[in-house]
Every structure is written in structure tokens, then in C-alpha cells.
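We call the chains A, B and C, going by the order they appear; numbering starts again at 1 in every chain.
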Amino acid sequence: MSSHTDTMSMRDALFEAPGPRMRRNIRVGTAISLVLVAVALGLVVQRFYLTGQLAAKYWTFFGQASTWAFLGRGFLGTIQVALVAGVIALVLGLVLMLGRTSALRPVALVSRVVIDFFRGVPSLLLIYFFFLVVPQYGIKLSSFWMITLPVGLAASGVLAEVFRAGVNAVPRGQVEAAMSLGMSKHKITFKIVLPQAIRFVIPTLISQLVVVVKDTTVAYVVSYPDMLQNARVLITNYDALVSTYFVIAIIYILLNYLINKASVAVARKTGTKIISRTSTAAV
Amino acid sequence: MATEETSIQLPVIELDHVNKHYGDLHVLRDVSLSVEKGEVVVVIGPSGSGKSTLCRTINRLETIDDGRILIEGRPLPEEGRDLAAVRAEIGMVFQSFNLFAHKSILDNVTMGPVEVLGRPRKEAEAEAMELLRRVGVAEQAQKVPAQLSGGQRQRVAIARSLAMHPKAMLFDEPTSALDPEMINEVLDVMVELARQGMTMVVVTHEMNFARRVSDRVVFMADGQIVEEGSPAEFFDHPQSQRARDFLDSIKGH
Amino acid sequence: MGLSELLTTYGDVYLTALLTTWKMTAVSYVGAMVLALVVTVMRVSPIRPLRVVGDLYVQVFRNIPGVSLVIIIVYALPVLKVVLDYGPSVVIACVLLGSAFGSENFMSGINTIGVGQIEAARSLGMGFVQIQRQVVIPQALRSAVLPMTNLLIAVMLTTALGSQVPLSPNELTGAVSYINTRSTGGILAFAISALGYVLTAVVIGFVGNRIDKRVRIVR
């Protein structure tokens, strides 16, 4: 029966099965906290009501198909940036990881500096680099690349570390076995180690997509029509700032929530873990 | 007052028509058992028979749905200080050792006496060292649990329980997580305890231990106590078909 | 613009920007830790509504983009007659975002302990408060050192949100945009700010690793 307690989550284990006195305390605590939650919700609604934000004109345009079509186009823009930036980050992250684990000292050092750099600066700063600095050198980028490149670069540093964790998770014995078969180092890396490492980090890669999606929201800086930028257009059209920003925020939260759920589901299915220690991105 | 005299004869542990469910699963069915002072009771049975659950209800790591559990004639308290006080008097040794990972071996053993009994640290440490010597791991006192082998860790866990001067000790499959070569070093400590008159309830798969050391064998299957008796009776003349099947199935080992 | 010219013209802007980033980071991090603790206590409590609210809080602020949150605080709240200064608005955003991740770190710190040790403590007769003080909190804190170090760096990066509002004085990211809209600072103007972040992150990471090595629990 020990399996029963092993699967029990720690958050339930901190308090033991209540006796009668504790059960009464929990009932009272539940009642009080329910009242507090209701009061808090009431205050929020009251605030919306007192400032007239519950008026129909602020909300009815969300019933129109055209609103959603417009937001949908923005959503597609967001997805485009996120996916292309994701691909850039995947490729560059893999290259940086291979560089960092390279036997050539200078290559390893440069890769390490690049990784630490991309992990250590805010993606907003990289965006300003492509928006304000790059044009000073006569390089003309479309707004799509002005947002996609920095978002991809920022993620590549993290992904390089994720890949490295994946490589480290491949049992050493396999490399030794391959070496004893006389396989070349190159072949071992690409045929034995990498395929397994990548399979191991797939859930983590999915969860990192959340960071990419969040970073895309700065697209308005470069006037790229992503969802947030289109929302700003809606706000000017309908003069409905509060409702629009709240609806948009909820959409982003749901999108990222689903991405997280997906990564957990994949992790569970493949029996792998989500590596969170390498991430420093919270924006 | 009659209680003064009778309490001496009362069983240390008594389960009285205990029932427990996990959802639809009826894991303890009308279980009654009493353990006298100085008695060693071994609980055996196939996995999933409820023997671990039974052991864990005695200090309320598992709750029961109905029935009564008495410790020296008094009902097991349901919560709070009273429950903690009873637990402090009953030692428990787990399958997975459960030593405190962030504390040294010595601190693991002194934690109970210092924190629960309020004994001076110096005194508690001296006694802890004595206990560690008794179970043969005194040299490891300054290490942390992860540096010890499974067998050593389990012996520390026993010392940790002994430091509380328990009236009885519960062993929940104490050797099941051990490599074969470490099982005996733990069993030896348990045999020694039994010899010194400790009241023990031992859930185990170690039939040799049951045969040699126990005063009584309790056989469980499907949440019920199917039969109980002296080790000689049970192992040589099992009464029930379930027990015969079980003994046959483990004969190879 | 060369380095010396850049530094003579904008040296003090950079210096104040670096100090502003540090200050915002420190204040946000402390706030985030305190809030993370409160939220975590709610999430492990046996009182259901508190658990649900705590879980919901974490999901919301883990998943909301920082920009979206800052925009709501800076532009939507005033419409609801909740007016905050720009500086505090950014710090509040950082606290809300950071606390959600901080609570996740605390939760996984608690999860590494294992039910068994708690049961062992209970069997010794230890009470709830004793178990928290002696077994749960010390271990949760020690295994949270590395994630919390990463979180400190993350909070620093999050303060770059300050560039999205008219902040005075500017923080490091805002400074780059400030300088580049006035003169062509080129790659150097960007690199100085970047260096400010990277070096701070390296130092934080180094210190965090040292602390972790000292307190890490071998399992």
C-alpha cells in the first residue's frame, strides 16, 4: 500500500487527515475565505460599474464577427512570429550547444559567451537593437523580422542550455558502446546522442514556446500587426480600452496555459521531464 | 481505582473491528488484533492484502472509517497534542527509511528527543551516540543520509525511533527496499530488540525472521486477517487454503 | 559616435540607468518573494477556496505577457480610477509576474522533500509547526536556491518593461531607446546597456551557484 502514499502529492501531505476539531476549523476557514473571495470579486465588479465600464457599448462589439476576424488576423501574426522565431531559436540553439560542447576551446568559449549574452539581456533590449540600432547601419528590415529575429535570438540562448541538459541526460554507456563499435565522434553525436537528447527535451521545448509567445507582444514597438497591436487599433475604433485589454490578456493567458498543458501532457506520455532550471525569462 | 492495576494487563495495541476504504476498495475488513506487552507480532500476506495499511493505522498515519484503536486501553486520539504524545511513544520504521535528508545522522537521532521531549542537546547526543553504536553505525554520525548504504540508513532509522524510548515499535516492511546482502544487518538489530523484550508489530516478507523471532504470525489477505497463530502452527499447519497457497508461492525463495 | 563621446555625453544616463535597474530589481524581487510565500501558503492550505485562488493566481501571472500586464496597469486601471505612478506600476507588474514563478519554485522545493520524511516526523510526535520549521521549510528553501537565483535574473530582465512607459530616470533598456532617439549611438550604445545586464546576471549566477553548492541537500 506504500504506492498509495508515494503518489500522494506533497501539498496534500503537509496537513494530515483532519480530526473533528480540525474539520470544524477547515469548515469555518472555508466559509470565511469564500466570503472574502466574494467581497473581492464584488469590489472589482463595483469598480467596473462605478466607472461605467460595464456599459454595453464597451462589450457588444465582441459579439461581432468582424471584431474576431480582425483579432484573428492579429492572432495569426502572433503565431507566425512565434513559430518562425521558434525555428530560429531551435536551429541556433542547437548550433550554440554543439559549439559550447565542442572540443575546440575558442569555439566553446565564443559559444558560451553568446549563450550567456542572449540569456542575460532582456528581449526588449534586443528588439530595440533591431529597431533602433540596425537601421543606423543602413540595413533595412521589415517589421516582421524586426520582431522575429530578436525574439528568436533571445530564445536561442535558453534552448542551447536546454539541449545541453538533454545531451547530459543521455547515458554515458551508450557513447562508450558506440565508441567500442568504432563509430566516429561525429557519427556518435548525430546518430546516437542528438536524436535521444532531442526526444528528451521535446516537452521543455514546447514549454519554452510560452516565453516566445510572450516576447512577441512587444511587436507594437515595431508596428507589426500582432494580436496586441490589432487590439490597440480596436481600442481607437471603439474607444473601449479596458474591455479590450482584459479580453486580450485572457486570450494570451489561455493560449500560454494550453501550451503549458500540452508540454506537460507530452512529458507525461513520453516519460520525460520539463527542465525549468535553465530558464531565466519571466517577461 | 481499578485502572491502576488493570492497565498493566491491557494490551499495548488493540484494534477492534477496524474498517477502512480507499474509494470503492475495502482495504481493511473488520480487522481485530491485540498485541500484548513484550510480544512480537509478524504480519504477512500477499501484496495489496492491507498489511501495511494496518500497520500505519496504529499511529494514525492512515485514518480508519470505523472500529476502534486502543493504545494501552485508551482510544487513539484523532488529532493535536494528544495524538502527537501517543505517536512519541510508538516507534515507526518505514520501508524507505525516511531519514531527514538535510540533517546529519546524529541530528536525525537527536531530533525527536530534543524537539519533542525537550531534552538537553548534550544529553540527547550522548545517548544517540550510544544507540548508533548499538546498531553499528557510530562512525557515520557526522555524515548525511545520502552517504550511507540502505542497510546503514535503516539501522539509523531504528536508532532514531529507539531514542524516543518507545513502548512499542511498528516496522512497515523494513527490509523490502534493501539489497539482499544488507537485509541481515537490519534483521539482526531487530532480533536483538525482540530479545530485549520490545513490543513489536512487523510487516515483512522475511519468513525466516517470522519463524525464528515472532511470538505470533498474523496472515492477511484481501484486507482481512485470515488466520493467526504461533509461527510453528502457521508455517507447519496452515489452516486456510489462502495461507497454504501463499506459503507455496513463496517457497522458492 | 565613439565610446568616449558616448560616455562623456551619456555616461551619467547609463550610470543612473544601471542603478535604477538594480533598484527596481531588488524592490521587485523582495516583493515577489513575500507574495510568493503568501500564495504558496494559500496553495498548500487545506482550505479549498484559498487553494483555488492561489492556483488561479499562479496560472494567470505565469501566462500573462509582461507587456500586456504593464499596459493594463498603466492604461486600463486609471480608467477604473486606480491611478499609479509609472515607476510603481512597473514594479507591481514585476512583483506579480515574479511571485507566480516564485511560488512554483517553492512548490517544487516542497515536492522534493517527499511524504515519507513528513510521516517520519509525525511518528516522532512532532506537531505541525515543528514539522514545518524543522523539516519542510529548511529543505524547501535549500533546494529553491538555484531556481530563485534564476528568478532574480528573470526579474531583472523583466524590469526592462520600464522602457514601455515614460520612466524618469530611465532604466537600462529605456536608456538605449532614449539615447538612440536623440543621437545615432550605434551598436556601442546598445552594448553598454547589454553589458550592464549580462555582468549583473553573471555575478548573480555566480553567487547563487556558490550558495547552492554550500547548502545543497544530497539525496
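Going forward, a residue touches a chain if its C-beta (ideal position, glycine included) is under 8 Å from a C-beta of that chain, and two chains touch if they have at least 3 such contacts.
Because the structure is a prediction, the values reported are computed rather than measured.
Summarising the inter-chain layout, the chain whose CA centre lies farthest from the centre of chain A is B. More C-beta pairs in contact connect the chains of A-C than those of the other pair, out of A-C and A-B.
Note: centroid distance chain A to chain B, computed from Cα atoms, is 48 Å. Chain centres here are Cα means. That of chain A falls 16 Å from that of chain C. Residue positions 113-114, 116, 119, 122 of chain C each touch two or more of the other chains. Contacts with at least two other chains are made by residues 61, 96 of chain B.
Under the contact definition stated at the top, the residues of chain A that touch 2 or more other chains are 16, 18, 22. Residues of chain B that touch chain C in their complex: 59, 61, 81, 84-92, 94, 96-102, 111-112, 115-116, 144, 146-147, 157, 160-161, 164. Of all residues in chain C, those touching chain B in their complex are 113-114, 116-117, 119-127, 130, 134-135, 138-139, 142, 217-219. Residues 43-50, 53, 59-60, 62-69, 71-72, 75-76, 79-82, 97-98, 101, 104, 107-108, 110-111, 113-116, 118-119, 122, 128, 132, 136, 146-147, 150-151, 153-155, 157-161, 163-164, 172-173, 176-177, 180-181, 184-187, 189-190, 193-194, 197-198, 200-202 of chain C are the ones that touch chain A when the two sit in their complex. Across the complex, chain A meets chain B through its residues 1-2, 4, 16-22.
Interface residues of chain A, counted against chain C in their complex, comprise 5-6, 8-11, 13-16, 18, 22, 26, 29-30, 33-34, 37, 47-48, 50-51, 53, 116-117, 119-125, 128-129, 132-133, 136-137, 210, 213-215, 217-218, 228, 241-242, 245-246, 248-249, 252-257, 260, 276-283.
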